[in-house]
Amino acid sequence: MNLLDFSNSIEGYLLVSSILLTLGIFSVLTRKNAIGILLGVELILNAAGINFVAFSKFHSAAIDGQMVTLFIILIAAAEAAVALAIILRFYRLKQTIDADEASLLRN
Amino acid sequence: MPVNSALFAQSLTQWTQGTWFASVPIWVWALVSALIIIYMLALPFGGIATYVERKIAADLQDRIGPNRVGPLGIFQFAADAIKMISKEDYVPPGGDRFLFNIAPVLVVVGSCAGFVALPLGQYLVAGDINIGVFYIMAITTIIAPGILLGSWASENKWSLLGGLRSAAQIVSYEIPVALSIVPIILISGSLQIGEIVKQQGWHDHFWNVFHNPFTFISFFILFVGGLAETNRIPFDLPEAESELVSGFNTEFSGMRFGLYALGEFVDVFVMCALVTSLYLGGWQIPFLELDKFWVTLPSGLIALIHVSFFLGKTFLLVFVVMWLRWTLPRLRVDQLMGLCWKGMVPVALFNILGTAIWMWAFKGQSMLQVVSGLFSGGGGSH
Amino acid sequence: MAQSCLWIVALPLTAFVIQALVGKRLPRQGDWVSVLAILGSFALATPIFLKLLATGAVHETLQFNWMVMPGVDAVSNSPILNKAVTLTVGVLVNNLTAIMLFMVTLCASLIHIFSTGYMHGESRYHLFFAYISLFSAGMLGLVISDNLLTLFMCWEVMGLCSYLLIGFYYQKLSANNASLKAFMTTRVGDVMFFLGICGLYYVFGTSNLSQIYEGIKTGVGSDVTLLGIPALAFIGFMLMMGTIGKSAQFPLQVWLPDAMEGPTPVSALIHAATMVAAGVFLLVRTYPVLEAAKVVLPVIATVGALTAFLAACIALVQVDIKKVLAYSTISQLGFMVLGMGVGSFAPGFMHVITHACFKACLFLASGSVIHSVHTQDMREMGGLRSKMPITFLTMFIATLAIAGVPGFSGFVSKDRILGDALAYGMTHPSQMWIPVLGFITAGLTAFYMFRLIFMTFFGHARDEHKHHHAHESPITMTFPLMVLAALSFAIVFAGPTGIHSVDANLLPIHWFDHALDHVKTEMGVQGLHASEEVEHHAHSLAMIVSLVVAGLGIFLSALTYLKKVISAAAFEKALKPVHTLLWNKYYFDDLYIKVVIQKLFLPLTVLMAKFDDKVVDHIFVDGWAKVAMVLKSVIAKFDDVVVDKLAVDGSGTVVSAGGWVLRQFQTGKVQQYLILTFIVFGMLLFYMTR
Amino acid sequence: MTNGMKWILLIAELLTVGSALIVAINPNILYSAVFLLFSFLGIAVMYLFAGADFLAGVQVVVYVGGVTILILFAIMLTQWLYRLKLKDIGSKFVVPGVVLALGLVPFLHRGLTQLGKMVQAAPPEKMAEFAASPKTAMIGKALLTNYVLPFEAVTILLLGALVGAVWLARPKA
């Protein structure tokens, strides 16, 4: 079944990561809700993680790929924590988490 | 994962030499084994556990407990099950039907999935995953979102509060649990539970709990953390009847509530099994090395002995859990959090440090070996 | 010897400088300075002359670099510019120089001595001597210079001195005009002369005479043409024009009679002995060039003959003693030029020397006469023979010489010239009229000279008052007369030379001829191409004819003026138109003034003025002004519009516009920033994986 | 890799992609959070199949156990007031979104494969040897040898994030 082989080979992983990245970008760009943006960012980060793991196994057979993904996950966690803290603070300030509201830095 | 399943398949094939079983494709066997574990082991235990707990509770409270259904109320759990199944499929108005259904599933999946890595016998393990311990820890974390979603979906302020508290509790108690596992990993040098258990043989450095004083302390921290993770009595805040009715599963009824209860009990069992495997030598027979036994038993018998010992130890712990339920008062939320962050985490870190120093000092020997080494005048350190 | 030549020139020059600067304060106003200087020069010149007499040949050159111009080939590749040129200047002493030096220094010193007496008491006495010293330095410089450039410079110095000296009595308007006229007419000749020098330089690449002689010998310039005209012919004509200008030949002879306005010693020195001789001396120096240009010599001969005849005719009717002498000078110069023209190189040059002596004597004598009777008009003189015996005697000898009476120097040179002219006439029958004219002029010369003698010294005093005051001049004035008169005898020039006194066929060789023969070979001059026997035949015939003509002249003059047998007045009335023509000097002056200047130059200048005004002023000067104005306004507008509006304000608005555009991007909305980042990510990925 | 395994991997990939789609599309933020959780689980399974078992564990622990719960907490704490009012996605975005996705995915896929080609692929026997090697041990060793600096840096980062997040989220005392 070439579909199975396809999904098991690097192409499958790359396809999934591309789709994840696209959906992540879509979610980041179209969400009005700040947390929605955060979700999108998480998706993008995971897409990158998948890439690294895929290449580490199928291409360069080195542990480094997984190491990078490990660090990505760690840093993503830290980032999520801080981001959500900011969102809570923003919510407490403006009683809303609409991303467009946070535009004090406009021109 | 693939490597360990081959191990299991190997043990299966040992039993079914040359029978028609071999022709069946491997994924069939994988599926069968999964079903067996869940339906033969996890769920019946859950059910029995409810019955047993009610019996022990009654006994502790000097009452008889359920004895209506079948002799001594043995079939009480079946009656409960039937009751649950026949209840109305009720979703609180305004609640989120989809989440309402998903939440209990998550909890059950989270708890049952742990069985894969638990070594019932030397070769009797569903899949001795290379990162066994870490896997179990990871899988059990799925329960937290399940509870959270369940409480949210039941559109009930109190259940939401209860859900938030239980999620917070589970997440925060994961840390002491994880930290207390680290000494064991230091000692055994591997995450594979099978490997860990194998090292706890009599000739080896016996049970990890007696390996060094630090592991002894971390045993208790692990056990208490496990209790908190499964929301058992001393940490029973989320389900505290007096304040939050039934906590996060207030709105759940029927089979959904059944799943919740079942999930909880399976989680207790997994946690106890994990503790036994890591600290109490899992299927290791105390003072006895089956392999070096003067007569080579058939592998099946060995496996049986191993399983019996393993289950014995685990049920012992479960009894203790249930025993605690009716003895210790419930902790307040701040006491709960304080105990975790101020108490258990520092001690756990201390244990890790201690174990590391011990390993470095005694080159990995357990206390007993050291002592026996002293007596035998230079026993081989291993 | 060459060094001494330099000193000969330097002495009068220093005298001039001293005289010009401190002359006024020196005792006797410094006249002794000039006299001593010229006597020094004379003292230095005589040994050279004696060496010539002794050895028969003198030749020495001294050269030094005057201007060194390295080739400038790096800058330009034009042939003229990048040829390294070194102008060398120096002294050429050969027989000609020796003779001329001796003659000039002798005459000059005598005249200096004479003028100390004549000019005594004049207002600007020291200046007179300064000018005379400068003049003699110029003449001597001309004589010794070995190349045409220094020759030309000395030529110009003399021109200046003649202007200054003629205009010495500048209070008199006539003197003023005369000096100006002299200067202008000689200037015309000088310009032509300079063109000749340039032509020579162009052809021979040098102005050094000896190099030019070599060039002519090797036939260098024969084929070169200037604007189609053969170069040598052009140069020849130009040199001829130079001589015509300087030696007052036709048609440029108008200035010499008017030059008599100057004091008599000046006339004697400049307008008799030296300067006018310089023109002929130029022809002598550049004779090989003239010979090479075959066409020029006949023209020179024609000019010479015409000048001689016409001047002689005018002299007939003159009443002013100095004017008569002036015209006789022109006529005698005509003879010299005629000689040169026909090819009689040696006799021509001899006539220059002999004429210098006796003409100087005539002028000084007339000077002492004027000095004593204080008038120049012969009609107020007469019977001065008893009053001024020495002056009369010396003047009488000089007159005999000039008339061509045998035994005197005049006869020796003039007869030779006429002989050569006759030979020339025989060989070129078409030119036969030249010797005929020559002989007639000789006759006329004799006639008007003796007319002068008879009117001044013989007969009875026409003005008692002046006659009474007449007195003999003092020794300072009469001594030079006596010396000059002595030089007018033939023996002086016909004497034997030193060791080579006898030639091949035992005929006594005139030292002069010997010297000149040597110079001719040196310069490569062929002279007359007449065969031996034709020459001999012509000379014998010429001697007979000249004697007859001279005698006739003297006889007729005696009849009309001494014996008053023939009345001059009758002749005047008979040939009235001829007389008026002669009296008005063939209307030459009128011709020049009315025709040349009024009709030709003035309109030309007016035209030039108009052209200058219209074209140069209006079109160029004002035009440029207009252009500048237009440019100014354009630049102003450009500056205002482009620089101010566009550059300065423009950039301001551009920046703010750019700012406004960019500001639109900064919406503050996180997601729009993210859109940008992802777009860039896309481009980067595309670029990376192209 | 038996066919069964491949099926499981395929299912996992479909699970990930499907839930990610819902995360992006779903107007209700809570649903997208839940499905984010499922996609994380799918990714964990994919890690397992890519031989990164330790990573799968970390993924589950960190993302499923930590980040998702944080997100759920945040959603619950911030949406209480206008729970369903916040309809995120206007319909007008769907069409361009689809177009963008259809266009972008192949582009990214091609880009990734091209980038891959740039790096020299490992020889097959090394691949096999790597596949068989215990990844956790290798990660452990790598952490303390090649990746010591990042490891230490991340610890400091996490500490900073921890303190920062707490300080930010704490209500004013």
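Order as written gives the chain letters A, B, C and D; numbering starts at 1 within each chain.
Following the convention adopted for this analysis, contacts are C-beta pairs under 8 Å (C-beta built on N, C-alpha and C of every residue); 3 or more make two chains touch, one makes a residue touch a chain.
Since the structure is predicted, the reported quantities are computational estimates derived from the model, not experimental observations.
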Most central chain, judged by mean C-alpha position against the global CA mean: A
CA centroid of chain C to CA centroid of chain D, Å: 120
Where chain A and chain B are represented by their mean Cα positions, the distance between them in whole Å: 33
Separation of mean Cα positions, chain C and chain A [Å, integer]: 116
Mean-CA-position distance for chain D and chain A (Å): 6
In chain C, residues with contacts to at least two other chains: none
Numbers and ranges of chain D residues touching at least 2 other chains: 1, 3, 5, 7, 54, 58, 66, 73, 104, 108, 135
Shared interface positions of chain A, touching two or more other chains: 25, 30-31
Every chain pair meeting the contact rule: A-C, A-D, B-D, C-D
Residue numbers on chain D that touch chain B, as the complex places them: 1-5, 7, 30-31, 34, 37, 41, 48, 53-54, 56-58, 60-61, 64-66, 68-69, 72-73, 76, 134-136
Contact footprint of chain D on chain A as seen in their complex: 1, 3-5, 7-8, 10-27, 30-33, 35-36, 38-40, 42-43, 46, 49-51, 53-64, 66-67, 69-71, 73-82, 84-89, 91-92, 95-98
Contact footprint of chain C on chain D as seen in their complex: 104, 107-108, 110-111, 114-115
Chain A partner contacts - residues on chain D that touch it in the complex: 1, 3, 5-7, 9-10, 13, 16-17, 20-21, 23-24, 29, 32-33, 36, 39-40, 43, 46-47, 49-52, 54-55, 58-59, 62-63, 66-67, 70-71, 73-75, 77-78, 81-82, 86, 88-89, 93, 97, 100-101, 104-106, 108-109, 112-113, 116, 119, 121-122, 126-127, 129-131, 135, 138-139, 142-143, 146-147, 150, 154, 157-158, 160-162, 164-169, 171
Touching residues on chain B, where the partner in the complex is chain D: 1-2, 25-27, 30, 96, 98-99, 102, 129-131, 134-135, 137-139, 141-142, 144-145, 148-149, 152, 160, 164, 167, 171, 174, 191
